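Worksheet: one structure, shown below.
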């Protein structure tokens, strides 16, 4: 198991390392001059001052040197300063990251709590009208753009009915965005759970369990569910990454103050240090979660745990 | 005969309903008594498993059973009565690898049903499970209880399966091809175990198999099925000695008897066509979930000569490296060490275009006839491919050649435009053979060419191969795990285990006087399709065998001792 | 109780030298004081500086400061703080973003704690109005580490408690506050205890928050303003004298807009009045002058004589002269900055231009990017695809024209020696009438040459919907909302 | 032996169309997609008005009456906009998937065919990119290139590459390890023949299914970017962009939000259903 997790950690480290390189290159891929953009709004900055800024950012050095400088600063926890307002990027991100994580976790919770039982029920009633109905629902759920779902929820629950607040970052505010993200993903979980359960139910060991005369409830709970949820667990890492991605849109709809909204703002503002920091943070989070999920998987599956 | 346990009358199984209904099993009748072993034989798809599943009440959705199966005073097929699964009838599956829940411990799986059925409390159940494990011949039973299925070998898992069912003290045990997934040596042990259990506990055993050898060795009564119908039933002696039905006869005839003599051996004093020297190949382990497992020595310092015109058989159990050796010769797998020369050319050092030209001389026939044809290529195109690549024949000439080849393997030329899915398994294997001989190879490597086919068809394919051999003077490396098959076709036999050749020599010499203990175990383990020659006990295969370099024990007969 | 004000976006920085957005300025005006303040008409009046004198040459200004004013940290606010602020603005390595607007200041001298003297290299009449604007907010010299991002010490009516970027600013009232000149009836500390400024980008969400009472003051969705007015559930306050001017400008150093006829064609094709009424209803008014209503020198009638009027036929003629037609349209990028329904307005203009055969491709970007991009476009002399943009500037003084159009020009855009000469004089003429005449001369030049084509004054951006229980909310010129007078009833 | 006398087409396995037409998902999906293609092809003819002409009708006319789907804030005909939008949507889906599919298949097949270090390098990089997730890749691309529909499509296309590469890689790996492939090697076939005659036709069905499902993902992703303002720019009648613009009129004209949203959902549903149908009919084992 430790080797399994070890390879995952190595892979994750590789991902993050590649990210740092891409992120350094990013600023060079940008059409136009980032320093010009930084100082676009100031009047009377002389070319010398612009040069000065460029030098202080290391933009006059060769790309490998810049990369090393970037790494050095990175290890000191310095992700640079925002163009707008000149705040430390790390601080700006850290202020908002918890919000995004809370949103992603809450959505994940909703997705699992709704999706897994539905998938289980559909698998249990495979081929019946219940199954077909649930799966039509699921495919519709997957097809529904979550930004639209978000707007509709906002419209009904906040504007029309006034049941839920629309701004701020309190627990009540979490409900709608988490529901938006959670529902779309619940559909994915439902489908996944269903096909995984059906796979498992068609396996010989389930027949064996029935052949022993175990009641259906025990077979499902002890034999099917545990084995059938393993693929669902492996999907959780990927799904979390989708949640983080989806959060970008949903945060913008519900004014949820997370890194996603920050990133979109930053793109409009061409605030490259923030974008760089965001990409890096995002991949770190996704990698860490993926490793955690893999570790969980390793613990759950004796074939790996005992390897 | 003792009291009747189970009485099946008019059992039919149907898939679907109404106009779409497809009958799978047609009014089957039989009785089973205590201590009786009833064997159901028949080729794949004949409805053997469906019959057993119907009795267990484990039919797949959309499949229904009708008729009567009286057991303990109730009709098993009555949907309103819960079948006495486990406690009444136990079922053992074919695939021990997948029949146990991978995420639960052996102990859990052994004891849970006892507890559920109220046969024992948790502690008691554990003690009995350990006892039973010992009974079925599993060493260190206490420790095994905490292990997971993947930590056990296939044979052990099958023993656990049997133990699991026996713990519930059923009256009837159904074993659905319990040994086909196992090596011959292990297979024999499991069959022995089953026979012991029937003798000791007086259960009635329904043994489902397609192997006449197993039937002859185990069963008292036989029921032969074909396409969902029972074509013949009776005592094993009656069936073997005087088969009444044509199909039964075909089945019996198809079984290559280990007793019948094989082709006449050719003198082998000419120059070797292919010579293999010190060939080795290791795999750095199969990757499971990104973990590199231990190193496998698939081929370990193998040296062999293949003479022109001969058929050399490579036998050995699963994983012994037979395919790997064959694939190295066909240049599909790279060897680590050693060299191979084909009529003077160093095969292993060739690359690029010269290699592609040389490939013409060695062709392969694979085990799975379906997978060995490109599903998106007509069989004509498949057969023409080597000709197109290796010769400059015009399109019309190629078509003519394809037609010839098709006729040669017993198909008709008009089939050239069809696609693989339009053929039966045996026909597909004929197409593969036609493709293999299309470019005029000097050596054909046949990797278990018949093991995926029904017995009746196996024989036809073997006949075709030996025809080709005698008419075209083909040289062949024949890979198989089935000694009986090998004896029928091979001039010489090489026995392989764990990547090494343990014994090789002329077929009759190896057969008549096997020198290596492993070869002996192998020959001993093979079921004999003759009920009158039932062996009571046999020497069980050892775990380790000597694996020293080969010495010539008799002229042309080498052995690692 | 806490007053809650929801806005569409956040400040960029707490440091007045580090940002230029109106959203930031509005907040600085709450937490900092300025030497001068503005009256309801937008004229500079004494505030922290109770009086000032200038030498005849207009190169030395001496300000007498009010005594007893305290910074939020309890230290006194005096001439040292003013010097500290000015020195920071002119810092060698990190000058203020608005350094140019401070004028040619060469020295700030502390005569005594309540007297400060500024020396200028040359006369600069726009300095006085600048000192009334929040760009010149006085930063207490006790500010240090973390200033601008986590802390900010000022002396204004509201004391910063915390800033969560992108989410909210929390203030408590400065109980010791004395108001000398800021436009508020309240002479002292605010009546309510606290002020929370939250960010709610979605107009509909702001509206919903207003109706539920989560928020007291917010900018409503423009399209719902008539309905809100009719229902009477909320008060609508539209800012006047915003000082904002939205206008067309062009990349004039390459075809097609290096030809005045192409620029005029665009100007004649735009029907600003119809467009803004479509998007903003009666919340915005068309503008004829390159400087806004309320700014010194603005005269609608004067400008109307020179501004190219809406005349699509004229426009088509000009385009035909240049060799364009409906089948061979004039192609241009149309740069628009985000927010405030501007992209919708852009879309209307795009459709209007299409009517005469101008194919404009809208590109939407943030104001900072727009600034950089416009400069880039002006520096690019290659290519035949034009570039025009819907620029916005807000300034309290016609000196903005100098910043924009005097060589080298803020965006390296159109400049000419003739225009330079006129603009130079607008900076030094101390006689108001003479200065006004010069300013109008400059405007005439800009309009006739279609260099700066004014479109409208966006009162809309600063419509405030206010809950009925909130009393005393008003908006000072140049969109500075005042919270000191607010009493929340009921 | 059940041998049929007719010769099936090369492109699809036996009974493919029959199975597709028998799966309800496939039929509904196919109908929706064909309907969409029809709308897109004949948008000029079908649309009653010029989609970007302002003041075609009054502003905010509700659906029904002269304007079947109502009018928007500029008095443009919504039906015409939606019809023209279908063109963009299909194009976006096709181009983005085209980018991901061709590049992904190339990478996947090369990796599976050449193995060794080529495989290691390609697949490790794919893994790395994959863990970035599509959204992040798309966002980074737009961040660099600037918001525009074209860039959004490129971004979505590029973001999809890892997934297609992986899928194609594993499909190709299965094929290359099959005996027929090895038989062809043994017959002396060169790389070109192996890849184009054997590998490509055999991975294509899988990839077509993946691509059909991928069209829906791509459409959603691109619409999402447009929704954020990072994609389509005015006056394009791109649905995501229309949806974004409708936010200001939720109260006043809810249909401005409902209609483009429904259009996206139905389109995506169509491709999802069709993909599902294709999958089950291509892969009879999975028929459920």
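The chains carry the letters A, B, C and D, assigned in the order they are written, with residues numbered from 1 in each.
Operating definition for what follows: contacts are C-beta pairs under 8 Å (C-beta built on N, C-alpha and C of every residue); 3 or more make two chains touch, one makes a residue touch a chain.
Given the structure is predicted, the values throughout are model-derived calculations rather than measurements.
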>> Between B-D and A-C, which chain pair is linked by the larger number of C-beta contacts?
In response: A-C
>> Taking the mean of the C-alpha atoms as each chain's centre, how many Å separate chain C from chain D?
In response: 45
> So how far apart, in whole Å, are chain B and chain C when each is placed at the average of its C-alpha atoms?
Replying inline: 86
> How far is the middle of chain A from the middle of chain C, if each middle is the mean of its Cα atoms, in Å?
Replying inline: 39
>> Quick check on chain D: which residues sit in contact with 2+ other chains?
In response: 146-147, 229, 247, 250-251
>> Please output the residue numbers of chain B that touch at least 2 other chains, ranges allowed.
In response: none
> Can you list the residues of chain C that touch 2 or more other chains?
Replying inline: 202, 204, 207, 338, 365
> Each pair of chains that touch: what are they?
Replying inline: A-B, A-C, A-D, B-D, C-D
>> Residue numbers of chain B touching chain D in their complex, please.
In response: 327, 330-332, 356-357, 359-360, 362-364, 366-368, 371-378, 382, 385-386, 389-390, 417-419, 421-424, 427, 432, 435-436, 439
> Any idea which chain D residues touch chain C in the complex?
Replying inline: 52-54, 59, 73-74, 146-148, 229, 233-235, 245, 247-252
>> Applying the document's contact rule, which stretches of chain D touch chain B when the two form their complex?
In response: 1-4, 7-8, 10, 13-14, 178-190, 193, 197-198, 201-202
>> List the residues on chain A that touch chain C in their complex, please.
In response: 32-33, 36-37, 39-45, 49, 52, 83-88, 91-92, 95-96, 154, 158-159, 162, 165-169, 252-255, 257, 261-262, 265, 268-270
> Can you name the residues of chain C that touch chain A in the complex?
Replying inline: 6, 11-13, 15, 18-20, 93, 95-101, 148-150, 164-167, 198-202, 204-209, 211-212, 214-215, 338, 365-369, 371-373, 375-376, 403, 410
